[in-house]
Amino acid sequence: MNFDDLLTEEAKKIIRETLDVKKENVNEAFAAQPKQVSVKTDFLSSANVQNHVELYEDYIEKFNNTSAKLDSVDKSSVNSNHSGFRSIKIDETFNMNGAYLHELYFSNIGDAQSRISMDSLSFMRLNRDFGTFDDWQRDFIACGKASRCGWVVTYLNMYTQSYMNCVIDLHSENVPVGMYPVIVMDLWQHAYYRDYLKDSDAYLSAMMKQLRWSVIEKRFEKADRILNIIRGA
Amino acid sequence: MNFDDLLTEEAKKIIRETLDVKKENVNEAFAAQPKQVSVKTDFLSSANVQNHVELYEDYIEKFNNTSAKLDSVDKSSVNSNHSGFRSIKIDETFNMNGAYLHELYFSNIGDAQSRISMDSLSFMRLNRDFGTFDDWQRDFIACGKASRCGWVVTYLNMYTQSYMNCVIDLHSENVPVGMYPVIVMDLWQHAYYRDYLKDSDAYLSAMMKQLRWSVIEKRFEKADRILNIIRGA
Amino acid sequence: MNFDDLLTEEAKKIIRETLDVKKENVNEAFAAQPKQVSVKTDFLSSANVQNHVELYEDYIEKFNNTSAKLDSVDKSSVNSNHSGFRSIKIDETFNMNGAYLHELYFSNIGDAQSRISMDSLSFMRLNRDFGTFDDWQRDFIACGKASRCGWVVTYLNMYTQSYMNCVIDLHSENVPVGMYPVIVMDLWQHAYYRDYLKDSDAYLSAMMKQLRWSVIEKRFEKADRILNIIRGA
Amino acid sequence: MNFDDLLTEEAKKIIRETLDVKKENVNEAFAAQPKQVSVKTDFLSSANVQNHVELYEDYIEKFNNTSAKLDSVDKSSVNSNHSGFRSIKIDETFNMNGAYLHELYFSNIGDAQSRISMDSLSFMRLNRDFGTFDDWQRDFIACGKASRCGWVVTYLNMYTQSYMNCVIDLHSENVPVGMYPVIVMDLWQHAYYRDYLKDSDAYLSAMMKQLRWSVIEKRFEKADRILNIIRGA
């Protein structure tokens, strides 16, 4: 297998560029920093938001924690019934998803001036792949109601090459393989119980009125470029 | 929000191009076609392979089946404790993952002339993100042994922006959000029990000797280009 | 196989007695009635309790709902990847556990005069099987902290023939086979978020101060008699 | 709370008797011994049976392993996102169920002279709670087909106070709380793949022809006595 024969010129250029992205400490665990979170909305109490941010920070801590342990845990006697490696690896994914989804959630809600333009990419894609924008909304709300302590996510599906919604339970159950998330809503009871008790419908409606479409639009732009790559362009 | 202001020229070009990809029947369910599968290897009996392909075809059938049902199921009275929408939606993801992972698996095994070149992108990336190529191999095997009727996958992690391995149980448990799969190995008992009984280690070793690196290389090329987009290039 | 030879006199007597318990409508679905719930405690707000009872009533409704559907759903073309029977059957267990655990929970908390006597069976059994009563308490609290939207339960384990604690996620994950529950605590976020936000430790401590030991004692009495039967007495 | 006031004479007698069952080493982990397994049937190859028994022995080993670790693991800093206690506790239940279900399975199959008598308790109870014996069989087979790498179990349901079938995935998902198992069938792929490949229906039919009703009858006798206790007799 030969480097020069295998790759297109474009690919080689990209490779040379990305090789410059040096990872200096390859054996050290990935250490994520909690992002600054600022959610201002009349629809959530500050006690709720403050607690939610602290939950997020714990996912970051536990993700770093598991990631560091995996550098030194025994990999020679692993088995599926019980082994430290399995337990830590499973929890790494759980906490990583918890951290990632919360970051995407916090940054795509709380826009009091929320508007989606009909000529935005977001609108066009939701319109195209769900039938109409309203069909997307109905499907997204249905997914939200269906989630059992989890999430609803609109994502680019790299397998079907289209945008779809999914229902995630907890952080890592029922997750599609090959997804790039663009719109993320938290449906754990901790997201709404303080302010809405069991009325998750009211919470979900409120949140959807203040989706931060400027942030979502940038995700759709990246998603569409990813889709082009998947399609082999 | 204005279309022209928001997007770079490149993004607009991509959008115009992809808008040409017409989805004529937006309301019709996605209907996947089973791919032709041909796995020739001394390490698996033909009875085993033949049965495995039939299992894959059932995932395709059930994915189409659930996808079609979701077009007409009631979305107004959905709830998380029990509703047709939830059940079908969860099973859509299960079968979609089952179909997708099997396609990736079948096409990346069974290469009797398997060789990985040290100047391939695959080698360089595994080397960079796991420490050494051997470290990747050890981690991949450990993940394989840890999987409880499921999969081990090397994937581009869009959150950490690096290549990682994950342990999936069944098809949709413990799945990382934001993953692009590049190397896929089936660890369900149906993959090896006929030929290896409970000796999944022997099966895994055999399979890894015949990874189809030419196919994997193309996935890494796409993954690296996706990574560039994620990083904002 | 002969009725008279197989059974002891005692067994025959029991059989004759229980045969009198007529189930008149064998083909009709089991229809559970929600029990009257009255939880009075300074440790939970009435809004919290009221919402919690309504959640419980929904589990009852959904249990009856799934149970009724199972009487008429097609059983000839069932499969594990996707079928109505599977979905409804899984949800029957989920909602049945949700209903049962809530009934056990509501009736074993909120006793402001809570005291456990050292000569009670509860005390003697916890003492015997956990080392000391305090050891039981430490283990129970640890299980409570470990639960991921679920339950901690002290139960008679029919396999080990001893009392143990378990950590249940949601309602039906990580559930021991062959358990008879005696002490039940709800650790879903809906149980405490309104009043304690994410401080589940404070909630758990408060609840344990008001365990209704009179109710628990009766459960231990039954459990011990069951244990005698399991042991072949 | 007073010992003498609380208990019936019968309960006191039982308590006094069972107190004699001394547990000498309360702080030591439960250490299970693998039971001798002998399954002789034309429907399973000896390679299959031999491998199956070895899988069972690993569950016993891992159950003892987790149980021992729980004696010394830190219980003060447990949390639900990631902690050693949680991981080991979850795996204890997984392996305990794996061990228990396999014991029940091995001992209730492989009876070449299998016959169920119409005047047996087994027959009468299945008949009573499922409508007819054939209805039980249809439901049991449907549950078997619905199981996703798991089990189908006929059990006494202590909540509904009747016999039901359930579909368990893996060993500890979708397990009813308060169940006493009476008929147990393994539907993991390891149970049949060697001999039947993906034709689990043929495997299930074969197994059901050789259910060991003499063993099952004794379980029903115990179950019925347990039911009497639950009912407050």
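Per-chain numbering from 1; labels A, B, C and D assigned in written order.
The definition used in the following text is that contacts are C-beta pairs under 8 Å (C-beta built on N, C-alpha and C of every residue); 3 or more make two chains touch, one makes a residue touch a chain.
Keep in mind that what you see is a predicted model, and the values were worked out from it rather than measured.
J.: Identify the chains adjacent to both subunit A and subunit D in the sense defined at the top.
T.: B, C
J.: Do subunit B and subunit D, two copies of one chain sequence, contact each other through the same residue numbers, with over half in common, or through different ones?
T.: Same, since most residue numbers here occur in both copies.
J.: Between chain pairs B-C and C-D, which one is joined by a greater number of C-beta pairs in contact?
T.: Per the contact counts, C-D leads.
J.: I'd like the Å distance between the centres of subunit B and subunit D, where a centre is the mean of that chain's Cα atoms.
T.: The computed centroid separation for subunit B versus subunit D comes out at 35 Å.
J.: From the C-alpha centre of subunit B to that of subunit C, how far is it in Å?
T.: 39
J.: Could you give the separation in Å between the centres of subunit C and subunit D, each centre being the mean of its C-alpha atoms?
T.: Measuring from centre to centre gives 18 Å for this pair.
J.: Two or more other chains touching the same residue: where does that happen in subunit C?
T.: As it turns out, subunit C has residues touching two or more other chains at 79, 81, 94, 148.
J.: Taking touching chains as linked, do they make an open path (line), a single closed cycle (ring), a hub with spokes (star), an all-linked set (complete), or other?
T.: complete
J.: If you look only at subunit C, which of its residues touch subunit B in the complex?
T.: Subunit C residues touching subunit B: 58-59, 62, 65-66, 79, 81-82, 84, 87-88, 91, 94-95, 98.
J.: Which of the residues in subunit C come into contact with subunit D in the complex?
T.: Residues 1-3, 6-7, 11, 14-15, 17-19, 21, 23, 26-27, 30, 32, 75, 78-81, 83, 85-86, 89-90, 93-94, 96-97, 99-101, 115-117, 119-121, 124, 128-131, 138-139, 141-143, 145-148, 153, 157-160, 162, 166-168, 171-181, 213-214, 217, 221-222, 224-231, 233 of subunit C touch subunit D in their complex.
J.: Where on subunit B does subunit D make contact in their complex?
T.: 47-48, 51, 54-55, 148-149, 169-170, 188-190, 193-194, 197-198
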